[in-house]
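Both complexes shown next keep chain A, but they swap its partner, so chain B is in the first and chain C is in the second.
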Partner chain A sequence: MSTVSWITARGLFGRRRFLMLLPLPAVLVLLAVLCRSLGVDPGQWAPPVLVGLGLAVVLPVVALIVGTGVLGAEIDDGTVVHILTKPLPRWQIVLPKLAVAAGVSAVTVAVPLYVAGVLADSVRLGLGLVVASALGALAYSALFLALSLVTRRPVLLGLVYVLIWEGLLGNFVSGTRVLSIQQWVIALADRIAPTDLLSTTVSVPVAVVLTALVSVGFTVLAIDRLRSFSIAGETS
Partner chain B sequence: MPEPTGVIHDIGYQRYTGPRLGRRHVFGALYLHGLRTVFGLGRSAKAKIFPWLVVGIVTVVAAGLTAVRSQIGEVVMTYAQFADAMSWLVIFFVAVAAPELVSRDLRSGVLPLYFSRPLPRDDYALAKLLSLASALWLLLGGPQLVMFLGAAFTTPDGLRGTWNELLDLLPGLLYAGLWAVVFAAIGLLVASLTGKRAFAAGGIVAVFLMTTPIVGVLSILPSRAVNELALLASPSTLVQGVGSWALQDLLYPGAGTGPPIGDFGPVYAVVTALLVAACTALLLLRYRKVAAR
Partner chain C sequence: MTTLDTDARPVATTSTLDLAGVSRWYGNVVAVNDVTMRLGPGVTGLLGPNGAGKTTLLHMMAGFLAPSRGTLTLDGESTWRNPAVYRRLGLVSEREAVHSFLTAREFVLASAKLHRLPDPEAAARRAIELVEMTDAQDRRIGTYSKGMRQRTRVAAALVHDPQVLLLDEPFNGMDPRQRLHMMGLLHSLGDAGRTILFSSHILEEVEQVSGTVQVMVAGRLAASGDFRTIRRLMTNRPHVFAVRSTDDRALAVALMADPSVAGVELDKTGLTVRAGDYGAFTRALPKIALARQIRVRQLTPEDESLESVFSYLVEA
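So, the complex of A and B:
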């Protein structure tokens, strides 16, 4: 484990505020257990819990807070200078940070989704959700990490993507779904564990290719942006 | 004991001899400044991007609805349904505005400067809350006014049609006010907990979005009472519940089109009042603590 990833992990967990991440997965598990114990038909409760809460809210929001936090927080504080002035190639800064961000988001999201998936249908659905949400966490983290280098307001721009692109337009304009990480995750999970609980209009090959493309593309963009990064004061 | 050697020199600054404005004026200035901050007025172009993006979207939607109505003559959305449909944008707007209002002051540590004026701690928090609520009301009310003007000028019934349209608009504006108060109270409380704008924005969105699927789950549980009380779980559906109880026919014309709240309307109203009161009280409490530092 490189020093950069160690510093990043300490930056995330060293403060009390990472506890703010816990209520989201906890609510997910609580709702799944509640529905299961009351004997509600999984066909009814699984879509709102797994997709509506898990894949549409918990995954993007956790990935947004963590993904913009690993580098964005250091840029905000100005402490990123300490890392940038070390004789490290830029990819050795971006990749460990991306790994920590994706790993933390994946664990935070995949564990409750696994529990909910098992309660809803089967271990297979749980595992499918774990794999799909981990890939989704990687794609989201790469996107938000790159955003925090492209703009000074990464969280708000990320929220525009999550709320307006995926949330609002994804509901009304079906064409935008092809470019929505959330739909790729659903497609992947549905491919690994075919059930009638998850449904999407995006085909699996498209989802696989685009997930890989987004993950790699935005990582390359982040490395490139960090090469010519200039430190500026707080925006007004 | 040596004589004190320090001297305060009069270096010729002009003294202020004019009238000293009191608490009310400080409050008013803070309120106006807050309202301008929310929309990025008097600040750089970067600060205007996100607020005006939201304003632009809601206005375009309202204009589109008006155009459809004047062409086809069919009401696509009532004024209340418009507020409901824009809920995601309102959440985003709160996530943009609330951290700008309170988190920046917390982060840059300027609160002692504010509280060294004749400004009680509670006034600071209340002025910020009021400016956020007004901004949200303007955000929802402005497009409704656009829809009203469009309808008023294209109505075939002349003055009478305009009057009927106005009677539809007023409850819509009242309903927008309810949205504004509830969302401002919750959003500002969350934002006041952290000095980092990024975390404040994420926290606000998490609170609002996390609660919506809870409603979806509660409303399919095998109990009628739980189903009808399910809308309490999320701020946006809570507001819808109150709206449909208080302004039933005005907001949701036609029976059975409103949210399914059964006979629990008064419960919704009480819970909303309690929620706003609790959030405001916690906000004031928070500023007692911050100011004590």
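So, the complex of A and C:
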């Protein structure tokens, strides 16, 4: 593990807001176990639990908390200067932080989604959700990490994207789904484990290409912004 | 000076920071205005009142702000968007927090590793010894006093033995003993050939640490050079006092006869006295008043703020 990853992980797990990650995945598993044990038809409970809660809320919210935390929290409290005053090319700072963010988000979300997927349908659906949500975690993390370098309110902007763009507009204006990470994740999961429980209008090639583009594009943006990172002076 | 274990190793090569016509503005606010200076080996104090632009200047030197105009180089290389300069440069900024969840040893060792030093453990140990934090190095930084955190940050900034060290208000939060130790450390680093620049708004701090000062006032470089010369200018400047008494007119006449007084103004509120020598005037006033049986009701030194002292320097 690189020193940047080590400090990032220590910082992430050492902050109280990490505890905020735990309730949502727990609720997801709890609901799935409850529905299964009560014998509810998976066609009834799986779409709202897997998609409505898992992919539309748990994945983006966990990725938002972690993605804006790995660099944004250090910018807020000033500790980022400690890492920036080192002779490291900036990609050697951004990539380890992205890896930690995407890794932590993926593990936090994939485990409950796997359990819920298995309970709803099959191991294959569980694995499909694991792979797709891991890719989604990478795209979300790249987006939110870059946001923490382009704005002082990354959490607010991230919430606007997740709640307004993906949540609200995605339901009413179908065209916006093409630019929705949530829809790409659904398309990818459905491709790996075809099922009636998941449905989207976005095609798999579009989902693959856009996931890659967003992940790479926002990472490059973050590296460039970190190169020009400025500290405001006392008179500003 | 106490027996300090602050002997810094001499550097093989020295570094020079060059600023040529450097300005920095935020919208309509000019934070740094056309500053030209050259900083070589030794300790230099960057002196100025709060808001003078010292921090902005330090951040530009450290590559954390782009100059709006002018050029700023370390040994000919721009510091902006150039992480390679941190091989030779260390920064202890004023606001920078430390990772409170790490111990000092972990924090300094992480710095050494990020610098890709060949023996990070030994470098971290030496830097911690240099700031006298060995005994507390295994405690979490969150449990430290402000002075201890400051010393830990200095250790992290020194771990790669930089030729240039920039420190923003390094004595803030330190007790007198820690302050003395830090002053000894800076002296030692400067004597070993490093270029040390530290900012302060306290004259006495700068006086005790550095022979050379750069004085900033309202974003401009107001004075530059030997501290003793500048200090003499400050001490010999006219001092202004507001005086109210039972007979202002008679007191004005008597004061004008005293050699310590350079001028007196009389108005409805009382006297405004300009004295050439602070001590001589404050000793003479009671005697003069007593001799004429005048009761002094108020004696207030005016214009004693640091800003006014610096403004005087600009005019001098």
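Convention: the second predicted complex is superposed on the first by the 230 of 236 C-alpha atoms of A that agree within 3 Å, B and C clash if a C-alpha of one lies under 4 Å from a C-alpha of the other, contacts with A are read in each partner's own complex, and residues count from 1 in each chain.
Heads up, the rule we're going with is that a contact is a pair of C-beta atoms (placed from the backbone, for glycine too) under 8 Å apart; a residue touches a chain by one contact, two chains touch by 3 or more.
Not measured: the values here are computed from a predicted model.
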What does the overlay on chain A give for chain B and chain C, a clash or a fit? fit
Does chain B (first) or chain C (second) touch A:Gly167, or do both, or does neither? first
Based on the superposed arrangement, let me know which partner A:Pro89 touches: chain B (first), chain C (second), both, or neither? second
Once the shared chain is lined up, is A:Ala73 touching chain B (first), chain C (second), both, or neither of them? first
Using C-alpha centres in the superposed arrangement, which angle lies between chain B and chain C as seen from chain A, in steps of 10 degrees? 80
Who contacts more of chain A, chain B or chain C? B
State whether A:Val61 touches chain B only (first), chain C only (second), both chains, or neither. first
Once chain A of both complexes is superposed, is A:Ile231 in touch with chain B (first), chain C (second), both, or neither? second
How far apart, in Å, are the nearest Cα atoms of chain B and chain C after the overlay? 8
Do chain B and chain C touch any of the same residues on chain A, and if so, which? 235-236
The residues of chain B that touch chain A in their complex are 43-44, 46-47, 50, 53, 57, 88-89, 91-92, 95-96, 194, 196-199, 201-203, 205-206, 209-210, 212-214, 216-217, 220-222
Under the touch definition given earlier, write down the residues of chain A that touch chain B in their complex. 17, 20, 23-24, 27, 31, 34-35, 38-40, 44-45, 48-49, 52-53, 56-58, 61, 64-65, 68-69, 72-73, 76, 152-156, 159-160, 162-164, 167-168, 235-236
Residue ranges of chain C in contact with chain A within the complex: 24, 26, 29, 31-32, 50-51, 53-56, 59, 62, 64-66, 81, 83-87, 89-91, 93, 95-99, 101-102, 107, 110-111, 113-116, 156-157, 219
Chain A contacts chain C in the complex at 3-4, 6-7, 10-11, 14, 77-79, 81-90, 227-236
